[in-house]
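Quick heads-up: structures coming right below.
In the two assemblies presented below, chain A is common to both, partnered first by chain B and then by chain C.
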Partner chain A sequence: MAIAIFFIAAALAVAGGIGVIAFRQPLRSVLSLVVVMIALSILFLLLSAQFVFVAQIIVYAGAVMVLFLFVIALLGPAKEIGKGRLRFQPWLSALFVLALFGLLWAMLQGVQYRQPEQADLSTFGTVQSIGIGLFTKYLYPFELTSILLLVAAIGAIYLSRREGDDR
Partner chain B sequence: MSDLYANAIGHWVVVVVAMLILFFVVLTATAYTVWFERVALGRIQRRPGPNRVGPFGLLQLAADGIKAAFKESIVPTKTEHVLFVVAPCIAVAAAFLSWAVIPIGLWYNVTYWIADINIGILLVFAFSSLNVYAIFLGGYASNNKYSLLGGMRAAAQLISYEVALGLSLVPTFMIVGSLRLRDIVGYTVSWGPYHGPIPLILLTPIGFVIYLTAAVAETNRAPFDLPEAEQELIGGFLTEYTGLKFIMYYLAEYVNMITVSALAVLLFFGGWYLWFVPPVLAFLFKVVLLLFLYIWLRGTFPRLRYDMLMRLGWKVLLPLGIVNVIVTGVILVATQG
Partner chain C sequence: MSTFDAGGSQLDTSWFLLLAAVLFILGTVGVLVRRNPLVILICIELMLNAANLTLVAFSRQLQNLEGQLFALMSMTVAAAEAVVGLAILVDIFRHRDAEDVDDLSELKG
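After this line comes the complex of A and B, so read on.
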């Protein structure tokens, strides 16, 4: 059962990923990305990471992608911009693809940089275990991330402020 | 029952049967909610409301449904055909999926649920956040400026009020210490001679006020029904929809209304516990009371202006929610040491 669900979700994720770059209409690309997000959330659920599953749907599918949609709808049914030829990007992407396949090959060969930690499966992925982790072991990274987000928000507000708009 | 759950095939049979029953019950409840709303609104406005089809007009919704089902299914040209048809399907799917985690007490020791999971209520939020797509894509795909405006308004409104909705429930989670809906309903206290379940609204009254306001906005109901404000936007995202596709949006709206009412009952009013009243009747009674509150609001308040709506969401409800969380935390630490 789990295997069947895994293959369906994985196929959806790959199809969505292809859709993101294949569609010429920006809105369809965004919707493909939503499909990828939902497929990924199903994969998280299969790994019994319940909280990450819900966070993925609420934050990425429910909020971030809606903002993408918003921007595209506000810009109107725009033609794809950037008719100019890509200069160095093909070579760069080839490099990244090579690195990715190299990592995949290494994983299939059983190379591990670090042994996965022993997890207690009865509490793994629950809200409680994630909350305890965030506020004890990973407290400083967590707080630093929140400061980073605050800086980003303030920066966005500052940049979007119009000239001479002192209110 | 518990033996059946342990067995792999028995578990699936139980779940499938439970889902079918749920589907039937929620659909029927939706139809009668619409009837209830029309009659109640009629009485508020001093007119009789539907009273011709069947006794007390009870068959009015069946008649309306049959009429809509036999209407021609129109997809206007120059629309995004696929999205135009898929959008109402997303609305209905998102509305029904939430019911997977809502438990209902049927009798004194019998509780019904489909999935009893650790993240419980967060799943409801996850599915209700998908509702944005239904409305936004419906508005976008219609290729109509009124529809698009309605869709944009809906998206902005839903995102804004989702934050307040989530924050309003945090004190409840802090008090109970669980997101599992059965744990929240079964929360018991020992106050002097009294030992038993209490309605959590006694402990988080401000949380309930925020929840109620945000929930009305989340379900696009009056006085927050700006996405379909007929005076300025014709029908908002619904403008181009007819027949069954229109009915699907309509259905989703009422299912969502029942969902948020049922959630409010579970989270703030002690679920199916009410003195000696049989649990299922107590639950129904409380849900109907909340639904009436919804209809009452619609019959009483004029629609807000759009900037007022946004100001209320971001400048009133959100700070209030944060303060509520902090105050609850301080009190919890002070009383529990």
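After this line comes the complex of A and C, so read on.
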């Protein structure tokens, strides 16, 4: 059962990923990316990461994607012009991507799996265990992310202010 | 040694890693080939998601929660990156049309 779910979700994710790079209209790319996000969230559930699953749905498929949709609605649906001006770019990028995939493949072959730590799997990845991790051992990084979000919010407000609105 | 139990059936961690590699490659292709700056940002999100998948997969394989915590952190970073990137894009588009990233070459000097 889990294997079937994995392959369905993986196929969805790859199909969505191809859609992201193949659709000419940005709107359709964003919607394909939503498909990828949801497929990945199913995979997170298979990996018993309940909290990451919820965060993926709310933060990514919800907030970030809606942000992209708003920006597309703001800028208008611009279709992409067919060709770029760099003549060798498609070939060079194909070569580069093949090399990168070969590298990743070779790395996957060489992965040495360490012995699992035998955690209590009944509470693995629940909100409670994640919260304990975030608020005890990783309190500093967690607080730093709030500063990061604050900086990003201030930056976005500064960048999107109107011209001559320097009060 | 790389399998783990998920609801009674055995899943292999390397499947997840391979899927993440494929998604990352798709994102790279998008960044290299597409010309619309907005779509390039979308492809970067795709690559970040692929990296998240590897983090969570290794977290499950090693039965160690730190991978999931790290995935949450990188989600935050991705959200911040999307916000700032989109704000810059909107600012650029307000002054002129930039349907092609090659139009934005003032920094070349």
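As a convention for this text, the second predicted complex is superposed on the first by the 129 of 167 C-alpha atoms of A that agree within 3 Å, B and C clash if a C-alpha of one lies under 4 Å from a C-alpha of the other, contacts with A are read in each partner's own complex, and residues count from 1 in each chain.
Keep in mind that, in the parts below, contacts are C-beta pairs under 8 Å (C-beta built on N, C-alpha and C of every residue); 3 or more make two chains touch, one makes a residue touch a chain.
Bear in mind the structure is a predicted one, so any value in this text is a computation, not a measurement.
Between chain B and chain C, it is C that contacts the larger number of residues in chain A.
Within the superposed three-chain model, A:54 lies in touch with chain B and out of touch with chain C [touch as defined at top]. By the touch criterion defined above, A:8 lies against neither chain B nor chain C after alignment on the C-alpha atoms of chain A.
Judged by the touch definition given at the top, the superposed model places A:139 against neither chain B nor chain C.
Residue contacts after overlaying the shared chain place A:34 against chain B, while chain C stays out of touching range.
By the touch criterion defined above, A:99 reaches neither chain B nor chain C.
In the superposition on chain A, A:62 makes contact with chain B only, while chain C stays out of contact range.
Once the two complexes are overlaid on the shared chain, A:155 sits against chain C while remaining clear of chain B. Judged by the document's definition of touching, chain A residues 51, 63, 67, 74 lie at the interface with chain B and also at the interface with chain C. Those residues of chain A that touch chain B in the complex are listed here as 27, 31, 34, 50-51, 53-54, 57-58, 61-63, 66-67, 69-70, 73-74, 126-128. Put simply, chain A touches chain C in their complex at residues 1-3, 6, 10, 13-14, 17-18, 20-21, 26, 29-30, 33, 36-37, 40, 43-44, 46-49, 51-52, 55-56, 59-60, 63-64, 67-68, 71-72, 74-75, 78, 80-81, 84-86, 89-90, 93, 96-97, 100-101, 104-105, 108, 111, 113-114, 116-119, 121, 124-125, 129-130, 133-134, 138, 141-142, 145, 148-149, 151-153, 155-156, 159-160. Residue ranges of chain B in contact with chain A, taken from their complex: 83, 117-119, 122-123, 125-127, 129-130, 132-133, 136-137, 140, 148, 151-152, 155-156, 159, 162, 179. Chain contact summary for the complex, chain C toward chain A: residues 1-2, 4, 6-9, 11, 13-19, 21-30, 32-36, 38-39, 41-43, 45-46, 49, 52-53, 56-57, 59-66, 68-69, 71-73, 75-84, 86-91, 93, 97, 99-100, 102.
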